[in-house]
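What follows is a set of structures to go through.
The following pair of complexes shares a single chain, subunit A, combined with subunit B in the former and subunit C in the latter.
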Partner chain A sequence: MPTSRWLPYMLIAPASVFLAVFFAVPLVQTIVLSFDGGTAGFLGNYQRMLNDLNFNVSIRNTFMLVLTVVPLQMMLAIGMGLMLQKMQKGRELVLWIWTIPLGVSDLAAGLVWLAILQNTGYLNTLLFHMGVIDSPTAWLNAETPVTLFIAVVVAEIWRSTAVVLVIIVAGLQLIPKEFGEAAEIFGAGRWQKFTRVTLPMLKPSLQSALILRTVLAFEVFAAVYAIGGRNIPVLVGEAYVWQRENQNYSVAAAYAVLIMVISLAATAVYLRLLREKPEAQA
Partner chain B sequence: MAAITIEGVSKRFGAAMALEHLDLTVTDGEFVALLGPSGCGKTTLLRIIAGLETRSSGRVLIGDQDVSDLPPAKRGLAMVFQNYAVFPHLTVFENVAFGLRMQKRDEATIQRQVKRAADLLQIGPYLDRYPAKLSGGQRQRVAVARALAVEPAVLLMDEPLSNLDALLRLEMRAELKSVLKEAGTTTLYVTHDQTEAMGLADRIAVMYKGVIEQIDTPTRIYSKPSSTFVGGFVGSPPMNFLSMTASAGRLACAGFSMPLAHEGPVLLGFRGEDVALVKADQGLGFEVRVIEPMGSHLLLTGMVKGERVRVVAAPQAEIERGMTLGLQLDAARVVVMDTQTGKAL
Partner chain C sequence: MTKPSIGSVKGWIYGSGVAVLCVWVLLPIGLIGLGAFGGRPAVYQWPKTLWPASLSLDQLAVFLKIDGVWNAALNSVLAASLTMVMALLLGAPAGYALARFSFKGATLFRLMILLTRAFPLAILALPLTVLFIRVGLYDTAFGVSLVHTALALPFAAMITASLFAGIPRELEEAAWVFGCTRWQAFVKVVLPLALPGMAAAAIFAFVISWNEVFAASVLTVQQRTLTAYLLTVLSESPLHYRFAGGFILIVPSVVFIFAVRRYLFALWGVTSR
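After this line comes the complex of A and B, so read on.
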């Protein structure tokens, strides 16, 4: 039948058109825009980006956040996933509670932590009543970069560990329990069982989780903005400032392209480092 | 090498009794098969011995040592799983070496024992490969080699052949028997396949509803079942049972008679191949309903006094549907069961 030949294409057409119009076109436009430096030439926008006072510090902050948040999230999610595996009853409920932050937007999550950590916030109130501090302490100033950084890290971990957890839990459930039992029978202790059996067999899930989380972590913005404003510049924040406040779309585009390149590079690194030997694929 | 002793082991899952006060001894070097339908508790028992499942009561001894509360690794046993559980991320060599590495044995010992186990199971050529590149039968060999490489006192096998196709299963069965005889390892083997149990085991423990119905040599399990369950479960076709009534020291009806020190209703059990086919008036009247030519024999299904009976005839026998034949039973080869309890008298 002629319809059956075209049916698959018709079925994927809406998604393809949607992606083309709202993703591919803006992407190309952004790239073109970033290289349109006017009188400054081909790389003019990139030149302005590099000379920007906040550029180096935003690069540093973004990378520090990614390198702190993502490993902590991975470890937490693996630990939480393994604990869930051990649970006999109430697993679904606990998993459900742990994944609630998934439903909270990153700006809202940032505001929640702002409410806790600001001068008149819940933390200071609590510490004051416990007699630990005599007057409200500022945690989120430019003068307190360490606590500000920690606050952002905590908020990001709270907000987005659940994504990793969901992927890890799904991966753990795919490992038949006999593998762990065989390891136990043949003398593996808990740690050996984890490092020699569970972790290697979890590799495909770890790879997905790492790529997803790292790419998103490089795009960190709303939570940072809510908690620290511009006291802790990050790459996407700078793109936002160039676009909104400086009304310079071209330099903003250069930032956007840089973030994309960094994300792609990180993905390539993960794919390479965590590549499964082709003969070892199950 | 060591004996396995199970003393009064019970297992409850909530209100359900999976194992009921079970006793079993597997002597040093012996091969015992746990045979039974699914849900009879055979795998639960094996897992309790392995230490992968907790018991509700009772003791497990390996050799003279009470291992009831030891973790699996400390029990001196190895296990082969139904799905093999061969680690996909390790080469065949590393799979076989896994137990030895966990025991922190020196490299020379590991090399030697892996080679020995690999030779025994003929997987030497595949040692560098990953399991994904192996067939089911080869993975099975790797799983057995991994178990034998640690030279366990006791080997536990959980339906190890059930994932193989029929021809390969037959081949592996014979090979497993010779390999295990050579290794001399005490083996407990769980299966629901009676031919596997019959072919491999020195003794078979037939399990049903959490208890061991009978434990004996394959031959005696087959010819002298201790209950109607064993007779019906072991053997293909299953044992025939006829309802009869014993009186005045005899069990008799038209065409059959034997002395029996029992009064009242009983079940007379006999195997389909233990009957002689004679003329209708010389034995139990048997009306042939279905004839199935099986190649090596004819399988006849028919009625004796209103009860269904299956018997085996020579492949060339001239028998037609609807004929009435006589079945002559050998009193030495029948079993008599209590109608109420289903146990042999």
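After this line comes the complex of A and C, so read on.
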């Protein structure tokens, strides 16, 4: 069949044009908008962002959330993946149950944990029956920043570990069984087998899971608002407030640029840290 | 290698670990369900009983009758359906090109697709507000679905690429020999084989849109999607309404994940390596 040289280009053209319009253009627009400070000058919007009362708090909260949630969920997902690998019966069912949160939005996850952790919620009922508290206790307001933070961490881990699990399970399936068997023959213990064979072979999966989750974790917003309202400001939340309530699209754009720069920097760091060594490549 | 008794203790610990993790995932969904069907009395009951007396469908019906909820749910369905159609119509041809042709620029295109993942895409809805107001797309389900398509399109392209790559080229070539055009061969031979996987990709696009909060909230005022509606009324609505909303958000997604469970690895695992 004579194939037109142009056919593949015609096939990718619609997707390319669409992504150019809805990815590249708004990207440039965001950057332009953020530097359009009007009378305040070139960096006026960034100045306003930096002087914003919530700025430092939201930077700190966002980074603390990312640095707590991502490592914990990576460890949890690796553990779950290894458990699944050992399973003979019921693996399908367990995998399905564990991946259910894939379909749960961050907003819904926040509301789920609000139902558990609110004053007259299930956690307090449990604590009441254990004799720890004797009346409804608040964990999620401005006076209890530590428990509020923990609540958001729990909700985020509950919701977003599933995607890491799927990536890791797919990666584990690609490791040839012979590698582990060879390690056993040479006398490697379970821990050695894990650190010397499984983890290095899993590196590409870990890398893509880390990049994906870190970028998304810096966007954390709806779960935080569902659980703690404005009591725990985060970067995307501030961008939202500047856009919707202050109607200041330029400062919102400055926040957006900052979030993008942080995301790209994180991606670059992972790509560098987890780079394949030349001799490891096929 | 170890004594059987020790092995069974290990097996027991391991089995209970699996069970605990299943409960960890499922129990919270059950608890927000109790909040949704229990209504005000169940939510403020203290201390709680395991099975609230007020459990009934009426409580959820009350939530759906609130002004704006039904409309928001319809907008969500509309935006998600449009996203599903557009992501597949734009993504599947690109996926086919990536799977069947080696052409200059294929690597660049792949790179562009991967690059979109390193970006917080939903945030790009911020400047689109201005553009959308100008062209009349602001505050419409269609406007929201355009941004959601940008989110779902890279996935659709990668998933369909791996689907088409899994269908032997020879089948298509045989159809050409029997006089089919490229298009006919695609429709009669490739498409039927790829259909279940494409349905999974479509469902996945639907869920991406259904769950998206930020872009939907930024781009709508009156015609809010369900997520945008819930986010904007969070601070003023009573708890049992919030739980009902959260529960309604979760249910379709859980069903969808069940429907696409066989394709999860094509969706997330292999393509993201």
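One rule holds for everything that comes next: the second predicted complex is superposed on the first by the 276 of 282 C-alpha atoms of A that agree within 3 Å, B and C clash if a C-alpha of one lies under 4 Å from a C-alpha of the other, contacts with A are read in each partner's own complex, and residues count from 1 in each chain.
Just so it is clear, a residue touches a chain if its C-beta (ideal position, glycine included) is under 8 Å from a C-beta of that chain, and two chains touch if they have at least 3 such contacts.
Values in this document were obtained by computation on a predicted structure and should not be read as measured data.
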item: Contacts of A:Ser105 with subunit B and subunit C, given as first, second, both or neither; value: second
item: If touched residues of subunit A are counted for subunit B and for subunit C, the larger one; value: C
item: Touched partner set for A:Gln243, first subunit B, second subunit C, both or neither; value: second
item: Which superposed partner A:Leu67 touches (first subunit B, second subunit C, both, neither); value: neither
item: Touched partner set for A:Leu27, first subunit B, second subunit C, both or neither; value: second
item: First (subunit B), second (subunit C), both or neither touched by A:Phe186; value: first
item: Partner chain in contact with A:Ala142 - subunit B first, subunit C second, else both or neither; value: neither
item: Partner chain(s) touched by A:Met201 [first = subunit B, second = subunit C, both, neither]; value: first
item: Partner chain in contact with A:Glu178 - subunit B first, subunit C second, else both or neither; value: first
item: Residue ranges of subunit B in contact with subunit A within the complex; value: 50-52, 71-73, 77-79, 81-83, 85, 87-89, 98-99, 102-103, 129-133, 146, 150
item: In the complex, subunit C residues that touch subunit A; value: 14, 17-18, 21-22, 24-26, 28-29, 31-32, 34-35, 43-48, 86, 89-91, 93-94, 96-98, 100-101, 103, 105-106, 109, 112, 116-131, 146-147, 149-150, 153-154, 157, 173, 176, 182, 207, 210-214, 217-218, 227, 230-231, 234-235, 239, 242-243, 245-247, 249-250, 253-254, 256-258, 261, 264-265, 267-270, 272-273
item: Residue ranges of subunit A touching subunit C (in the complex, touch as defined); value: 1, 3, 7-9, 11-12, 14-16, 18-19, 22-23, 26-27, 29-30, 33, 80, 83, 86-87, 94-108, 110-116, 118, 120-122, 124-125, 128-129, 136, 158, 163, 166-167, 169-171, 173, 204-205, 208-209, 211-212, 215-216, 218-219, 221-222, 225-226, 229, 236, 239-240, 243-244, 249, 252-253, 256, 259-260, 263-264, 267
item: Residue ranges of subunit A in contact with subunit B within the complex; value: 176, 178-179, 181-189, 192, 197, 200-201, 203, 277, 279-282
